[in-house]
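Here's the structure, in C-alpha cells; my notes come after.
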Amino acid sequence: MVIKAAVIGATGYAGAELVRLLSGHPHVEITLLASRQYGGIPFSDVYPAMSGIVDLRCRNLSNETSLEGTDIVFTALPHKASMGIVPGLIDQGHKVIDLSADFRFQDPANYEKWYEVHQAKDLLQSAVYGLPEIYAADIQKASLIGNPGCYPTSVLLPLLPLAKESFVDLDNIIADSKSGTSGAGRSPSLVTHFCEVNEGFMAYKVDEHRHNPEMDEVLSLFANRDIHITFTPHLAPMTRGMLTTLYVGLKSPVTTENVISCLGSFYANKPFVRICPAGRVPNTMHVKGTNYCDIGVKVTQQSQRLIMVSVIDNLVKGASGQAVQNMNIMFGLPETAGLTQVPFPVC
Amino acid sequence: MVIKAAVIGATGYAGAELVRLLSGHPHVEITLLASRQYGGIPFSDVYPAMSGIVDLRCRNLSNETSLEGTDIVFTALPHKASMGIVPGLIDQGHKVIDLSADFRFQDPANYEKWYEVHQAKDLLQSAVYGLPEIYAADIQKASLIGNPGCYPTSVLLPLLPLAKESFVDLDNIIADSKSGTSGAGRSPSLVTHFCEVNEGFMAYKVDEHRHNPEMDEVLSLFANRDIHITFTPHLAPMTRGMLTTLYVGLKSPVTTENVISCLGSFYANKPFVRICPAGRVPNTMHVKGTNYCDIGVKVTQQSQRLIMVSVIDNLVKGASGQAVQNMNIMFGLPETAGLTQVPFPVC
Amino acid sequence: MVIKAAVIGATGYAGAELVRLLSGHPHVEITLLASRQYGGIPFSDVYPAMSGIVDLRCRNLSNETSLEGTDIVFTALPHKASMGIVPGLIDQGHKVIDLSADFRFQDPANYEKWYEVHQAKDLLQSAVYGLPEIYAADIQKASLIGNPGCYPTSVLLPLLPLAKESFVDLDNIIADSKSGTSGAGRSPSLVTHFCEVNEGFMAYKVDEHRHNPEMDEVLSLFANRDIHITFTPHLAPMTRGMLTTLYVGLKSPVTTENVISCLGSFYANKPFVRICPAGRVPNTMHVKGTNYCDIGVKVTQQSQRLIMVSVIDNLVKGASGQAVQNMNIMFGLPETAGLTQVPFPVC
Amino acid sequence: MVIKAAVIGATGYAGAELVRLLSGHPHVEITLLASRQYGGIPFSDVYPAMSGIVDLRCRNLSNETSLEGTDIVFTALPHKASMGIVPGLIDQGHKVIDLSADFRFQDPANYEKWYEVHQAKDLLQSAVYGLPEIYAADIQKASLIGNPGCYPTSVLLPLLPLAKESFVDLDNIIADSKSGTSGAGRSPSLVTHFCEVNEGFMAYKVDEHRHNPEMDEVLSLFANRDIHITFTPHLAPMTRGMLTTLYVGLKSPVTTENVISCLGSFYANKPFVRICPAGRVPNTMHVKGTNYCDIGVKVTQQSQRLIMVSVIDNLVKGASGQAVQNMNIMFGLPETAGLTQVPFPVC
C-alpha cells in the first residue's frame, strides 16, 4: 500500500518534522511539498540535513496547483491560513490532517474567544480531535482531523483516564508545563533568539495561553461537565521536549499504585503511552525524536493531591508524529507504521 | 573596616561562589580557604578563572589550624560535616554562617526525620534562619546563621508577605520549582553528567525533597499555624538559575494589583527583592550572577488562584550571596556591600 | 537473514548507541548484552528511553557465559579490556568488531607508545581498520575489525581521497577538531560534569591526543610515506557532533571545484559521504543521529591552502554506526541496512 | 572624577554590555542612552535585568539632541551608521570610541574592499586602533578610537608579541576561531534562532570574514611587512566566549617555555592578559563576564609549529570591556577602573 501525501507548510518546524517522518514511512510517498517562503527551492536546500533524502523542490501553492492523486494532505500552517485552505481541500475529496488550531474546537465560540472569527464553522462538527489514544474510532472514519496542540496532548493523556474516577476533584487541577523552544516555530523573533533563550528559564502567557481552552473543551466533553484547568506554560533552554507536571486534587484517598494501575489498564494496548513504575519519573530525553508519551505518578504523603508528570517530544507526539499516527489509523495501517524510531540513549 | 573571613569547604560550588563574592567585597579580607580535597593547592589552580585574583593556597583543616584573628567563618560543607565542626568554631568565639542544612531547623525532629541524628541540638535554638528580608533584626545579633536552602528562598520570599493575609488559603499551596544544575554541587555523578542533563528536563524527588520540611517549618512559624506546601523540584539544562511557580488558593477575591501592592509594601526597603509590574513575569537570566529575587504575580481570571513566579540565582541569593548579605548585617555594613554586581544583558 | 549479535560493554554510550541501532536493524537479533556495572539489570532500567523496546537483562560476562549461536560480537570496552577478551572470542570462531583502540594499529610500536604493552600483537596483522569507504574489500573478509576512532574518521574521510594528489603538501596538514561531550563516555568525571562543560569551550591534549598516531598511521600506509598531522581537539558544549576543520598546504594551484569533483568521484557510490556544493559548509546538526559524514571545501583566495570541513555524529559514524556498517559488509547486507534513520530538521 | 558618558546604540548587545560596565564604573555617570528602536522607553524595560539599576529612558537621537556636557560618546552602531554620525561628534569636540568597523582601518582601500565606500576618510589617519595592550600611548592622546573586532582581539593579542621574533614564519599563520552567538548581535535572524544554533556547530564565511583584513592590516603595520592570516570563524552553541587556536609555522626551533617567557615579558604590566603556565590551556568559561584574555602555548613535538590558544569574552574584551579600558586610558584612570568583575567559578 502506498499513500500519496502532500504537506502544505512543509518548511516550518512541524512541516519539516512531518517530512522527516513521512520520508521514512514504509507506506508513504511524498508527492508535494508546499511552502510560501521557499517555492521553487529543493527541500534539501532549506534543510541540508535532508540532502540526498528529500531533494523534492518545494512549490508555491496556487489555485492551479493540482493535488490530484493525493490521498492525504497535511496542513502545517499558522491558524487562520489553515481555515482558508482546508474547506477547498475537503471539497476536492481529500482527507486532511490540520496541525493548526483551526479545527480543534467543537464550539466555535471557544475558538473565536481566543483566536478570531472562524471562517469554516460548518466543518467543526465533522472534524475529529486527533488524539488517537482516545478517539481512534472516530479518526478512522474522519475526513478532517484537528491535530491536537502540544500542551493539550501532554495534559490530556495523563488526565483523561482519570476524568471519570470519583477520587478526582475535577475543580482542582493545575498543569505546569515546560516546553523546548522548537514549539515556538521557525520564524525568527527576539523571544526565540539564541542568546535570549540560552541559560534562561521563564514563564509566559500565565493563565492566558490559547491551549488552555483547548484542553478545557476536550476534558469537559469527555467528563460531560465543565472543567477548567489552571495552566502555566514555561520556556526551557532546549530545542525539543515538553514536560507537564499536573497537580490534581483528591476527593478520597488513593495510592500511587492504584493510579498506575488505572492508567495501565486504560492504555493497555496503546503502543505510544508508557506508564512508569512507582518511584520513577520521566525525562524528556527518554522520548526525544519518538512518538512516546511517558507518564509518572505520585500520590502525596498526605493523600492530598495526585502529582502526575508527562513527557513528550513536542514536535513528534505533540505535533507531526501524532499526525502520522492519525494518518495510519485513517488508512487502516498499524498505528506504529513509520513511527518506530528507537530513542537515543543520550541526545 | 576589614572583616577577616575564612571559608571552610572553599572549592565546592557554593564555597567558590563565596570566594568570588568575598574577593570582590570592599570590606573583606580572605584569611583562610579550607578544602579537604585540594589542601596545599592554590585556589587558582582549582579554579583557573581566579588566576591573579585569588592565588591563596587551600589548606586541609586540622585541629591545629589556627583561626585566630578570623572575624567570621563560612562553612560550606555537606550537612553532617557542618554540625561536626560548627560547635567548636562557636566555642572559640567565631561568628559562623553555615550553608548546609544543619542549622536551618528550629525543631530537631524535623531535621532528624529528613536528615539524620542531630549532633548539636543545643545550638539550634540560638541559630538564626538567615533570610535577611525577614529576620534581619535577629541576624544582626546572631553568632550562628543557618543559611537558607535555594528552594526555600525562592518559595518563601513570594509567600511570606502574604502568609497573614486573609485572602490566602494556606492549606492549598503548591510550589513547582525548576533549578539549574549547579545546585547539585561539584561532585561528579551520573545525574549531573553533561550528556545526561543537556537537552533533558525532569522532575525528581517528587513530594520528598528535603527542602520541603524546611520551607514548611519557616512558613508555619511565621504564620503561627501548621502549613504544608506541595513541592516538586525539577532539573533544567542550564548551569545557574531557579524559577519557582507558586499556585496559591484564594479564599476571597483579590486582584493582581492588590497582590503586587502588598508585596511592594512588604519589600519597600529591601534592595534585593524586585516586584515586577503587572503583565511581566521574571526570567532567571535577569538575576544571573546577582543577589536579586524577582517576583511576578497573576491572579487567575476566575479569581480561583494566585500564581506567583519567583527567580533567583541559586548560587547567589540561593546560597553564597545570601550568606554575604547576612554577614553584612551581622557586621553593621550596608546590606548591599560586595553585592552590587550589575546583571548581564545576556549570559 | 537474521544475524545474532552480542554487545559486550552495552551500557556505555557507544554500547548503548549500538543497542539503539541494532534493535532497529531489520536483520539483527540481539542475543546478549553484557555489562560489568549493570549485570542482572534490564537494559531499559539503565536506559528508561528503551522501555518496551529493549528490556533484555544485562549480564555480567564470565568464563561460563556461552556465546554459542552468536554470529557477531561487538566489544565496546575501554582499551586494554578489549585486548584481554577479544583473542578468546576469535578463538571461539566469532566475528568481532572492537570499538576500542586495541586493534586499530598495524604497528604495535605505535600502539605501545601511546597506550601500553599490547597483549594480542599477533591479531594486529589480521585485524582490519574498519573505515568502510576505504577498506570495504578487506572488511568483507575479516574476522576482526578495529573500528576507527571518532577523530580519525572525521579527519581521514576528507583527506584520503586527496592523499595521492600531487597538489597536496602532505607535510603541511593541520586538523582542528571540535567534539561534543558524549565522546568522553558515560563515566562521571569533573571534566564532563554539566557545569564544567556548559557555556564553556576549551582545547585539550594539544598535540598529544592518542587519536593523532592513529590518523597518522592510516594516512601514511595509504599514501605510502610518513605523514604527521598537527592535531588539536576541542570540547564543545553539546552532546553529540564532531566538526573537523582541515588546513592542507597546496603545492600547486587548484580550485574549490576541482577538489569537490575529486571528492565526488572518490565517494560516488558511498551512501554515507555527502559532499557539499561550493559555497556551503556543513553543520553537525545536519548529521545528528545518522551515519553521514558531510564535507565542505574551500580553496583560499591566494591558493595557498585548502580548507576542508567535515562533520559526523561522533557516536554514529564516529563509533557505533560505523560498526554496524562494518557488520553489514561482513555479512553481505546492503551497507545502509539499519542505518537509514532520517536526520532531524532541528534537534 | 566623574566622566559623563553617552552610549549611542545602547540596546544592542554591545551597547547593553557597555551600559552594564559603565553603570558599575566608579567614575562614570551615564548621561544619555540613544536607541533608534526603543526611543522613549526606559532602558530597564528593554532589559528587565536592569530594573532599579538603569531606569534611564532611551532617546531617539535627532539633530536637536544636545550632547553638551558629555565627556565621551560610545557609538555602538552597525558599520556605515557610525561613519555617518561620528564626524559630527568629533566636530563638536567630543571624544569618541566607536565599536563598529568604521574606524579600525588605516588604509581606506582595505575598508572599502570588504565593507563599502568610506564617508569619513579624513578621520582614519587620526583614529587610533583601540588595542590598549599595544597602543596605549596613542590611545591616551586620541580623540577617536576604532575599537577592535572580537576576532582580531583574540588573534592579535597572542600573535603581536611574537611578530618580530625570528623564529616565527609570518607567511604561515592560521587562526581557527570559535565564537559564542552573542557576537552576531541582537537582531533576530534564522542563523541565530535558538533551534538553529543549539546543539549544532558550524564554520561560516570560511576565508572571507571581514575581520580577516582587519587583523592582517594591524599585524602588517606592526611587523612592517605584508602578512596574511588564513582565518576560519566558527559558531559555537553558547552565548558568550571566543576561543582562537593559532597555528604558527616555526623557522627555527623554540620551546614552549621560551614562548611563554616571551609573552610573559611582553605583557608583564598588562593587567588583562594572563599567560597560562606550560601544560595548561585556557577555557572560555574562565574569562566570562571579564576583560581578561588568557593565552596558552604549546610547541609541537617536532618543533614544526607553535600552537597558541587564546580566550576572551567576545562582549567584554572583544567589545565593550575593551572600550571601557580605552576610555580609562584616555582619561588618565587606572586601566582596570570599572573592570574588576571577579570571574564566576561556573557560569
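When the chains are written out, they are named A, B, C and D in that same order, and each has its own residue count from 1.
What we mean here is this: contacts are C-beta pairs under 8 Å (C-beta built on N, C-alpha and C of every residue); 3 or more make two chains touch, one makes a residue touch a chain.
Model, not experiment: these values are computed from the prediction.
Asks: Name the chain whose C-alpha centroid is most distant from the C-alpha centroid of subunit C.
Replies: Checked the centroid distances; the maximum from subunit C is B.
Asks: Between A-B and B-C, which chain pair shares more contacting C-beta pairs?
Replies: A-B
Asks: Return the distance between the CA-based centres of subunit B and subunit D, expressed in whole Å.
Replies: 36
Asks: List the centre-to-centre spacing of subunit A and subunit B in whole Å, with centres computed as mean CA coordinates.
Replies: Here subunit A and subunit B have centroids separated by 39 Å.
Asks: On a C-alpha centroid basis, what's the spacing between subunit B and subunit C, in Å?
Replies: From the centre of subunit B to the centre of subunit C is 45 Å.
Asks: Residues touching two or more other chains, restricted to subunit C: which are they?
Replies: 13, 182, 195-196, 198-199, 237-240, 282-283, 285, 288, 346-347
Asks: Please give the residue numbers of subunit C that touch subunit B in the complex, ascending.
Replies: 13, 181-182, 186, 188-190, 192-199, 237-239
Asks: Could you please specify the touching residues of subunit B with respect to subunit D in the complex?
Replies: Within the complex, subunit B touches subunit D at residues 13, 16-17, 19-21, 23-24, 47-53, 182, 198-199, 239-240, 274, 276, 280, 282-283, 285-289, 294, 340-347.
Asks: State the interface residues of subunit C toward subunit D in the complex, per the touch definition above.
Replies: For subunit C paired with subunit D, touching residues are 174, 176, 178, 180, 195-196, 198-204, 206-208, 228, 230, 232, 234, 236-241, 243, 245, 247, 281-285, 288, 296, 298, 300-302, 304-305, 307, 309, 311, 346-347.
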